[in-house]
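Alright, structures below, take your time with them.
Two complexes are shown next, each including subunit A; its partner changes from subunit B in the first to subunit C in the second.
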Partner chain A sequence: MTQFIYGLLLYIFLMLPPVAALFESMMITHMHMQMPMLVISGFLMSGLLLRRSHLFLEKWNHNGIPGITLFMMIMIYWTIPRTMDEALTMQTMEIWKFISLPFLAGVPLRDSWKKLTKAWKNFIIFIFTVKYFGMGALYIWSEESLCNNYLVIDQLTLGWGFITTAICLVIYLVYAFSVNPSDYE
Partner chain B sequence: MDAAIEQNRRAAVISEKKNKVLGVCLEDARISKSYLAVAFVALLLGGLLGLLQGLNRAGVLELPAWLNYYQILTAHGLLLVVVLSAFFTIGYFYAGLSHTLGGLLPKVRKLAWIGFWTKMVGLVLVVVPVLMNEASVMYTFYPPMAAHPVFYFGLVLVVLGIWILATGAFINVAHWRKNHKGQHLPILAFFATGVFVLLVGATAFVAVEVLFMIIPWSLGWVETINVMVARTLFWAFGHTAVNIWYLTAVSAWYVIVPKIIGGTRWNDYLTRVVVIALVIMNITGGFHHQIVDPGISLPIKFMHVFMSLAIGFPSLMTAYAMFRVFERTGRRKGGKGALGWFKKLPWGDVRFLSPFIAMAAFIPAGAGGIVQSTNQLDQVVHNTMWIVGHFHLTLGMSVVMTFFGISYWLVPYLSKRVLTPQMNKLGIIQTIIWTVGMVIMAISMHAAGLFGSPRRTSFTTYGDFAETLGWNPLMTAVGIGATLLLIAVILQVYAVFNMMFFAPKGEVEFPIAEIEQDEAPTPYMTERWGIWVVVMLIVIAMAYVLPLTDMIVNAPPGSPPFKTW
Partner chain C sequence: MFKNRHNAISLLVVFLFGVVLLFIGTDGFTAFTEETARVNRLIQEKPVFPDVTLEDSKGRTYPISEFEGKFMFITFLYTACGTVCPQLEYNMAQVYDLLPQKYMGEEIVFLSISFDPERDDPETLERYRKAFKSDGETWRMARIVDKTELNTLLEKFGVIVIPDGQGNFTHNSAFYLVDKTGSLIEVMDFTNIEEAAEKVERILAGEQVSKR
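So, the complex of A and B:
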């Protein structure tokens, strides 16, 4: 219950017009702070939601793969420059963003993550790493502006944001593969 | 649950017994003693220079022509905020690692010595140009002020030494964990791990600044330097360094002080959470030193202030934890009523009194820090004496007085000598003089700063301008405080070397408090340092990518080197 309240508070906080405007005024904070925080708010709220819908999820997402696939689809969808642009210009897309990220990405993430095997988890992180390097390269080397609403410097910054995040993920993967927890635990 | 509690209790008894049997390992003690000796020599020299500065700014001492105010200021800053703090931290935590992990490994001992000499050589290379007045760039060495290249080579070696020591610490911790599967790292070693992780993270930034920007520029290989980027990299380091010294002091508050007052530690799980939170969120706080810098947009500054105030949260937890422990212990000793427990604390024991005053000083110091994190308020106090007052409260009291308090048991423990009642009394006197001196100095610095007196400026009457003459009484008080402080420095340094070489032989304990017996076991999550480091890196990436890209892509023309003194 406390988690649900924290999640809800975070969700409401992110919805406040000045907060949303601040995050959306910079491309990198839009994609790398607002969006992940929306996912986190859904993740936190989902504890309560999942308990209610236990049976349905048990049937639909018993090994976690369908849920994580939905999560990935939503995440990838929101890294497409065009979707970000539309979220800024069309009210319906903005609403869709605030619904899809917490409830179609955050909630299934929580239900799926604990069900996945370690190999699957690392595979998902690996996919994100590759995707982040790819998106980083795209944003850094693209000569023209990919989003109508942001300047080229915003785009370049976001590109470096992707690259540095990808480097962090690589470090995590190296750690996960080189350190055997059973040596320590 | 009950079984786990029982296990906790037994583990506590065993670790107690083991420590009694093991005593101090002499070879490990030599390492820590060397670090502490350097630290306290630095205190003596730095304190002496501090007095010269204080007297100069009070208007009573005119420096001779061959001695430049900014040269002294550079040496004072470096000796105290870099040498004293770093050497003390390393000496203390290496003693802690040796004590709680059952001795240092031979190869770690070797690394500790290599690191020591690397740092010493680096230090000499830093100090010589300062003495020759070729590097009066102050401890922040902001470009475009340029020192002699040797100064920067010295800095590189100092950083390298830190990395060697961190490696040693990590090796010892990993070794212990392999041999104690599933156990939590002893709490002092846990703090040490956090501190060394932060040290590596912080120095990485300054290494990039010095190696890739300043050295090529000071050697003339490149003509200009990007001043904003250099400052940003510096403060990622400078801010974190100061917070590392603070975290070192905090470790003693959580682990040592409860034992000295005869109590138990605050909740183990939450203690570890505080350490992790401080490690993850620390480096990004560096931006609060650039609130007045141009070239960072307002929304970004706003977010950074948010990040840096977030560090306040674990600090508030610390304040709560300390008073909880004091109250619990005082009540168990029979303290009655709302405040009766307060009287039951061992006020006559310097090992308690000194860190207690240090903690109390953190209340105004922390409040001042929040003031400075606020854009509008910082406009008033930025680069004034207020700031100098602030960090003499945080460092000069909260951190350094805790270090002093530690020295009264750590040095005897390492030297197999005892803290005599006379030495304890000397320590109490020293603590009182230092407190009075620092309070006088810090309050008058804060006040002078509010009236506009600038920091880093040698004495001048501004052509007898009436407005600025009003600062002089306050600056006289600074001089009085500085004089008291030097007396306290001399007593402290005397105490340390006396306890190291001349005090009566004997055994004293390494005071590490145990946990409460009925405490729920700590989740193993806290030990997954690999994950915390990755989270820390992601937080850093989030905070730094935007401003750095902006500063590099939209850079103004760079600056050639200047010698301003």
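So, the complex of A and C:
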């Protein structure tokens, strides 16, 4: 219950117009802070929701793969340059962002992640690593401005943000494959 | 991998949902950036050039209706720009050179419009004009002094200009072609000079045939 309240508070906080405007004023905070925080708010709120639909999810999301696929689809959708632009210029897209990220990405992530096997988890992180390197390269080396509502320098910042995140993911993956935690217990 | 049927079904449903979502979000995988979507929309909507008053590099002031009955090949720029605008104008000059001289001034006029009227006064525009060897008649450089008029035009033609606070602007660039009635009919990639020139020539030649 406490988690639900924290999640809800975070969600409401993100919705406040000045907060949303601040996050959206820069490309990198829009994509790498506001969007993940929306996912986290959904993640926190989902505890309560998931308990009620436990049986349904046990049946339809038994191994966690459908849920994680939904999560990935939504995440990929929101990294398309156009969707970010439209969230700024179209009210409906902005609302859709505030619904889809917490409830179609945050909620399924929570239900699915714990069900996934270790191999699947690493595979998902691997996919994100590739995607982040790819998006980073796209934003850094793109000749043209990909988003009409942002400056080119914002685009470069975001590109390097992607690359940095991807490097962190690589470090994690190397760690996961090379270190056996039980050796240290 | 899928121990039970339900998982496979829900995975399929989720996957289809995602594909449909991406399909709708990108207009059927054709427009991944807002710029592409914008150009597609403009070509579909064919907005009419609004009523604006221009002041050109020679200091002459006239309404846009001066060019009625002629095609207009338009770019939007600001002269203090050090990055894309010189490239845009340089490419525009090449299109100008590629088109048959007989059309110039008769069937089509080239027009470079500044969206920075404060700094781009006639003298500045005149310097810029000389740098790109435009003749100032069949290819004119002009500013729109009235802010409201300028903004209406930019909005109608989907030109997005964001000041960066240091005197520069981020803006989208393209070649715009307006027909004789004042409707926008083409938005072309400014980096693809030959293709743009061919397209304009084809349209002008088609016009000639239909007139006879």
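By definition in this document, the second predicted complex is superposed on the first by the 184 of 185 C-alpha atoms of A that agree within 3 Å, B and C clash if a C-alpha of one lies under 4 Å from a C-alpha of the other, contacts with A are read in each partner's own complex, and residues count from 1 in each chain.
Note that contacts are C-beta pairs under 8 Å (C-beta built on N, C-alpha and C of every residue); 3 or more make two chains touch, one makes a residue touch a chain.
The shown structure was predicted, so the numbers you read here are calculated from the model rather than taken from an experiment.
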Of subunit B and subunit C, the chain that contacts the larger number of subunit A residues: C
Touching partner for A:Ser46 - first (subunit B), second (subunit C), both, neither: neither
Partner chain in contact with A:Glu86 - subunit B first, subunit C second, else both or neither: second
Partner chain(s) touched by A:Leu22 [first = subunit B, second = subunit C, both, neither]: first
Partner chain in contact with A:Gln34 - subunit B first, subunit C second, else both or neither: neither
Which of subunit B and subunit C A:Ile76 touches, first, second, both or neither: second
Which superposed partner A:Ser112 touches (first subunit B, second subunit C, both, neither): neither
Subunit B versus subunit C as contact partner of A:Thr129, first or second or both or neither: neither
Touching partner for A:Asn61 - first (subunit B), second (subunit C), both, neither: second
Shared subunit A surface residues [contacts with subunit B and with subunit C]: 153
Residues of subunit A that touch subunit B when the two form their complex: 22, 25-26, 28-29, 32-33, 153, 156-157, 160-161, 164-165, 167-169, 171-172, 175-176, 179, 183-185
Residue ranges of subunit A touching subunit C (in the complex, touch as defined): 59-63, 65-67, 69-70, 72-74, 76-77, 80-83, 85-86, 89, 144-153
Contacting residues of subunit C [partner subunit A, same complex]: 2-4, 6-7, 9-11, 13-15, 17-18, 21-22, 25-26, 31-38, 160, 162, 164, 170, 172
Touch list for subunit B against partner subunit A, complex: 177-178, 181-182, 299-300, 302-303, 524, 527, 530-531, 533-534, 537-538, 541-542, 545-546, 549-550, 553-554
